[in-house]
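Common to both upcoming complexes is chain A, partnered first by chain B, then by chain C.
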Partner chain A sequence: MTAKGKALPRLDLPPLRQVGRPLRRVDALGKAVGTTVYAGDFTMPDMLHAKVFRSSEPSAHIKQLNVNKARALPGVACVLTADDLPDGKLITDMPGQTGQERRKESDAPVLAARGVRFVGEPIALVAAETLAIAEQALKLIEIEYEVLPGVFDPLEAIKPGAPIIHKPDNIVASWKIRKGNAEAGLAAADLIVENTFRVPFIDHAYIEPEAGVAWMDDQDVINIRVCTQVVEHFRSIAQAVGVPHNKVHVRGTMIGGGFGGKEDITVEIFLALLTKETRRPVRLAYTREESILAHSKRHPFIITHRTGVKNNGRITGAKINMISDSGAYPYLSPYVLLYATVTSCGPYRIDNLTVDSVSVATNNPFASAFRGFGGAQAAVAYEQQMDEMAKALAMDPLELRKINYLKTGDFNAIGQQIKSAIWLEEEATQALAALGKKESVSDDAIKIGQGFATTMQSYGRIMWFHDTSRSWVGIEQDGTIVVRCGAPDLGAGQANSLCLIAAEVLGVSLTDVTFYNSDSAVTPLAGTTTATRQLYMSGNATLKAAKMVREVLLDRAAQHFREKPNNLDLADNKVFIKSDPQQWLSLADLSKMCAVDGLKLQHLALFAAPFADKLNPENLQGDIFPDFTFSAHAIEVAVDTKTGEITVLKSVGCHDVGRAINPIAVEGQIQGGSAQGIGYALMEEVQVRDGVTRTPSLSEFLIPTAKDLPTTRAIILESGTGVGPFGAKGIGEPALTPAAPAVANAVANAIGVRIHNLPLTPERVLAALDRAKRG
Partner chain B sequence: MKAKAITLNVNGRRHQVTLFPNVTLLEALRDLNYTDVKNGCEKGDCGACAVELNGRIINSCLVLAWQADGARILTNAGLGTMESPHPLQEAFADAGAVQCGYCTSGMIIAAKALLDENPNPSETEIREAISGNLCRCTGYSQIINAVQMTAEKMMQQKAQE
Partner chain C sequence: MLPEFELLMPRTLPEALEMMDESSKVMPLAGGTNLLVDLRGRLSRPQTLINIGGLDELRGVRVEDGYIVVGSAATIADLKRNALIAKHGQALRQAATVFANPLIRNRATIGGNLAYGSPAADAAPPLLVLGAEVELLSKDTRRTVPLEEFITGVRKTVRHPRELITAIRWPIPPEGSVGVFRKLGLRKADAISVLSIAVMLLHMDTGDCDQLRIALGAVAPTPIRAAAAEDLLDGGPLTPEVIAQAAQLASEATQAIGDIRGSAAYRKRVITALVQRLLTNLAKDTKEKKH
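For the complex of A and B:
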């Protein structure tokens, strides 16, 4: 259960009435009773059913594509190929969205025209009267490939002579950090430790596969009801379909999990094209297999650390090399690589640092956003490297970290000053204390190990994206509150947090707030639900809007009571005089008074993150993120040395979240995020052989079940120093990041040898034990 | 293959439908707008489509609609409503067991099946009972809390009766 921090330097947080209390989320009951309607649940009269024809080859020239038989099948309304499209590309580089980082000519086409670059690449679209007819039509599409040599390993893809996936070469992004003098730093070291770590492709495996319904309305607007993390894709969809921006309306639904996989466009453009062509409603829902083939993956990385350290534990310098596999199209690879690069050396002060990172195109499935966004991969490497250094120095792993932790006011790897609290030492200490003593076992074959990891993960987007959010708050004449904000809700409680903030500021209970969200035309645009940004961005926008409404209410009440507004407060659906709470007026009566006077009771507020200029990619020195969340996770494992099987016995996550807006939701983020981290460490891997996904189902791509995990104890600390509302920091991604390296460190502690590649499968454990035995 | 008229008794309502033999119960239920029954895989891997069939929990994607002809089918939405939720639904909402909610209906059906048989389950028994239901959001702990909370509440209620 939740524990509060002890004896920590606390800021004076304002007295809050609802924020921080474990209230039922506004969206919870509707979901619990099965009333919430998800994207795949909508149907419309006269609706067509769509299917996508996809490539079976990872690298091929399309010699011939013939859809005539499919078109002729009775019940088929339309078949579209690249020939029928306005040269559509999946372009998402929009001001405020991303930063024009992508190389020209490497954007994914909406439908492949001349060639295909990965298995599952979309080639044609079918819409038919029934799903069965659409499926039958797919079988009638005739395609002739000329198979081309492919490349499936990023290390091969950067060699001269490798097949080129996008001209001029396979390096789709690169970043460098140049800070101090890494050579000199390494030369000054007493000891140099070098390790290479690898992590695989991972699927988001949200339980809701991608789905949507689209239709044209009486203004010729293409309406798309879809589960997406980004309703602002309406502009990219419009461009791809060839209509003005204001002719696409994305109506986001409650999302059955996203984790980054519904950040890029999925079904939207296909639906828009088909409904525009047929002028009938169209539904498209992916099967699980199609979902795994069609959407992005978490990037595999190969990360090498070469770190110099003094005998006293002080790091003198480091050289870090990162290679990520972007798969066939870059999507968000440049930014994922940037995040990984920025956090490559972790929350440690290293004055002499060189980092070289590249993202490489291959004929594998494409990789893009996934909770952690490069920061998770970086952490797997830097936290294992810290433990390896501690081992080489025969030093306690926490002692070594303490000597090197960043402190508030320090400058990180990119020379950005950290102004918020950095409570890593406290977090690690508390997490380890909660873990307690190692379990003892009588069986000699079972080895128990403990390990931990401490990490940093940004929240809020890259500052050169110039991120903004808007939120609208209004009070009704009966004193109830409406919040309208475009923020999509992934299930993490984004909408609830906004309601809670409005309830707090306006003195009503959470059940008095109704929200409308995730609509590109009707709710104010709030930006993406990605990058752990919604509480920070839309939370601040909602706070601002609610405060504007509060001011109007207090001014009017001040007149009524002949008091200064400062002497009044709002709580329990009333306005009252602070010094004499018996004198009160209901919010309903107050808002009616305001209405009579024609006062403005609805306010739209814009919150802008701090903007910065793009950094020089050759050294990356400057400010990139609004702030970071600092976290610790500790794990105890039992390793069966006979079978290689690993059991996680105990798990503790300790995070300074700045301010827990809803502690149950924060605990849920820590438990759910760490479950994904533990899965990452132990079992998850999308296996791709020669470009073919070998694990296209949830019985092949395994995620943790209830039997695979212990309860993660969540220790929530509140420094109040975040840049979110009420001093909150973000927790969505940070919850995941430290768990996987903590598991890896616990396993290494148990068996005495390091396994450098995730996942830590029984085979790898046995092989490592074998290697150790043979010396 | 010929279509056949069958009767599906869902949440106390009778539906006469004419279906081909290859239609799964999941498809049939969703076509009848029981959309609380979710499609997460259609292969028996995720449990999102779980319903009760004559009192036994099954994955509706693995059962053909014809096999359910005349049977009693209970979905999560049949357990309670917004105005009068089932104790499990209430506990799920209060304990944080609902994040995205996509696994929730199947989870609640699995939890109900457990509590019907074993009103006072241990944590291990709960984990076992929901191990066929995948959740990608919660890490399961708050779901387990919700089941424990419900068990306690229901036992207290029994004791008072």
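For the complex of A and C:
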């Protein structure tokens, strides 16, 4: 017999009143009318302005760095170089968790000391009375480089003799899956299909470039107001600037988009160093160009699938190889690669599987987290591979998939049993049905195509990180509710969902809830807003805390009404007898009664995800994620075969989100995620040549405009089987993942030939048509 | 951050002309959609800007002596909604429709588009096929230069530093003329042209054969006319063979280069394909009209 853990306060919730309804988001009005305050909006009296001096070379030894003239410029308060730092390193592993996958000595320095490894690497910091003076000071910094040979292609970087970015070699991380016998599986196949797919560097292109302001308070605490997905970075910041952890206080603001680009530290350490040095408030805000130069990119991947399949469509075995370009510093590359590896074969049952993956250092911009986190790159490959196999078998693409889909209770590539619903077939069928018939065109040069993709994407963090979240819920004496939870709001509606959960459980309306969040010192730590984890983690923590408050309220009301707590309910700011709703008491009065009795009306709850041990590196078999979201996306395109231009005509996303806490917010995620996925497929690419970005601004790095996107129809399914509150799964990342491969499949369907590299530029379309013509 | 500069606000055109100067330290500012970007990127370092965008004398579209005259400070949005342009500058109207985005269109001016001298200026090919001229005025000179001679190279024009473009004008095309514009960018809005094409059929009511004009953008150091193609088409019927040959000649007229937006070979190939398509559609339309 297993010992039972401490039971959660169990309360049978009556049918949901607000969860699941399309209520206006709590953050909507402020954004619509412009009253929401972002990190770049803050100023302080006596504030200095900061700028960062960055490397212009991708690979060089710093022979000489002279900042004397900059220091001497009137109005310059301070110039810092690596010499002035305690031993500043950016801790580039998973913050606040027990991960530690990166190699020793490969962390990025806060400021480059002896050498630089990519264009844009920070070398010196300036703080001055005005921004103009700070900019002028940058120009007075003298630097002499000894240019060293660099390496810019991961395939070159793994060859013997390549320049080494971090000793002993350029392998940043590698993983392998060994399941069954891949050789035997391939040997048993009637047909073997092999393809190599490539995806490029892309930028997050959030609307809000990185910004922050920092100051010292009267306890010598360094306060940093900043847009970040991770307030827990306060520890790494403290370590880098050489103060105790409790002397850094991160106050997160509403974020103007992050998509993983604000998961790593951006301006925080620079601000902390400068404010500590000058003891004055300091502001640092990147321009768009500096943002593109300074923050991470999505990893380019080269992915090869070799898949064996029977004539009847059953996959017998597969070998998959993945190479990612981590750029100059590892950051989260080992984990991005791990996510890609785990989902490398998609939501299909493949009993004989070998996967080898490697992340390689180069002198390119560094790559790290980006919505989809390796799972998106993997999906671009496996879903195109499925269509290529269907084509080789002359089989309908959905038929082939149906034969191979994982089913609830099956074990995935790493041998983890999937316990939640897998509704892929239903999702694909509904998405394709919503797409309808192909549009007809009269012009022979225009080809119409349809395609779809079905994907799996984890939500919640890797289980060996031992992820936790905390939330605090309290009721005031007038019956209004306060929620305090450290979760940063990315703009995706995190705050709204947590408020809604509290409102539901405590029977108040959404506007009766006030939310404090994203503060590393005064709100309970809730972990990162990454990995599609906040609704799951902090949603569960908030649900738990709200239920604790509800229990106190109902117990006290039970005394008052001389009824059992189970016979009472909370709604419309009242407690009432279920069988006789005319007998009620306002929450305000009830809350006052509780206060008179000295009852506990504020509760802090901890939610801990299921923990697991680290997987065996020899085969990666075991449990790794709390659960997965399964999704489908269908696309119709028109391709102009004379110019290569692609027009997306229709777009449908169908996702089982377990439970839609707020359908408007879910639809927003599906709209936004698919827009990002369509951009990934069609046009987004940070072009890098010899380490230099050729797309330094939004004039060259193109993301889709409203004219490039049809309205994506969002079909929301609710299996109720997720591990989030009320059976919810995650939607943040899953919304993006299937869109790009769906576009690629639609284009291949239109022109009858596969383009193996994203983005699908007009020029690549014509080149593919030429190849097809040559045969 | 924008560098510091002095901003002068003339109230009248003569006042503005008075402020103009020999040196490149003084520059006119119209919509600022090129200039402010360049200032911020330190690609241009004027000390003084003269704001001409608000001058009444430079706004508006009017008919004058058989010409359409467009004030240089007319915005792209003005062109897009102007009835005279819709009738007598069809290709230009189409270019205005796909130009940048609504915000930029509200500020960007036709004068600024030409004065900047970009090979990718979207107003240029339509104006070339319309046979437009550029009116240049300084404190004590006035001249009119055909657009073909106005832009001389990448970011180079014959404009003297003291001159302002005051207007762009073209003869009212004969009734029944048709103009079309096609732009290819890497997305459907707010994209710099990878290439652009304007084609115009001038209907000759004299009974002579209709005349065809073709202009190309972003495929040479300046926007160009495809003269050889036009000569071939001159007078003859628009048969598929002639069209194909003309499209080939148009492509040969380019000096396309490769950049991050596309290779030279791609540009040349698509010029051929699109000139062929535009001419074929034109031939079909005119045939339908005659029947």
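One rule holds for everything that comes next: the second predicted complex is superposed on the first by the 755 of 775 C-alpha atoms of A that agree within 3 Å, B and C clash if a C-alpha of one lies under 4 Å from a C-alpha of the other, contacts with A are read in each partner's own complex, and residues count from 1 in each chain.
Throughout what follows, a contact is a pair of C-beta atoms (placed from the backbone, for glycine too) under 8 Å apart; a residue touches a chain by one contact, two chains touch by 3 or more.
Since we're looking at a predicted model, the values are computed, not measured.
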item: Touched partner set for A:668, first chain B, second chain C, both or neither; value: first
item: Contacts of A:695 with chain B and chain C, given as first, second, both or neither; value: second
item: Chain B versus chain C as contact partner of A:705, first or second or both or neither; value: both
item: Partner chain in contact with A:722 - chain B first, chain C second, else both or neither; value: neither
item: Contacts of A:252 with chain B and chain C, given as first, second, both or neither; value: neither
item: Partner contacting more residues of chain A (chain B vs chain C); value: B
item: First (chain B), second (chain C), both or neither touched by A:763; value: second
item: Shared chain A surface residues [contacts with chain B and with chain C]; value: 699, 704-707
item: Chain A to chain C touching residues, read off their complex; value: 131-132, 135, 445, 642-645, 647, 682-683, 687, 694-695, 699-700, 702, 704-708, 761-763, 766
item: Parts of chain B lying in touch with chain A, wherever the complex brings them together; value: 30, 35-36, 38-43, 45-46, 48, 75-77, 79-82, 85-86, 89-90, 92-105, 108, 123, 126-128, 130-144
item: Touching residues (chain side chain C, partner chain A) in the complex; value: 1, 4, 101, 184, 186-192, 194, 260, 262-263, 266, 269-270, 273-274, 277
item: Residue ranges of chain A in contact with chain B within the complex; value: 24-25, 27-38, 40-41, 204-209, 254-257, 259, 285, 287-288, 490-493, 664-665, 667-668, 671-676, 697-699, 703-707, 709, 711-712
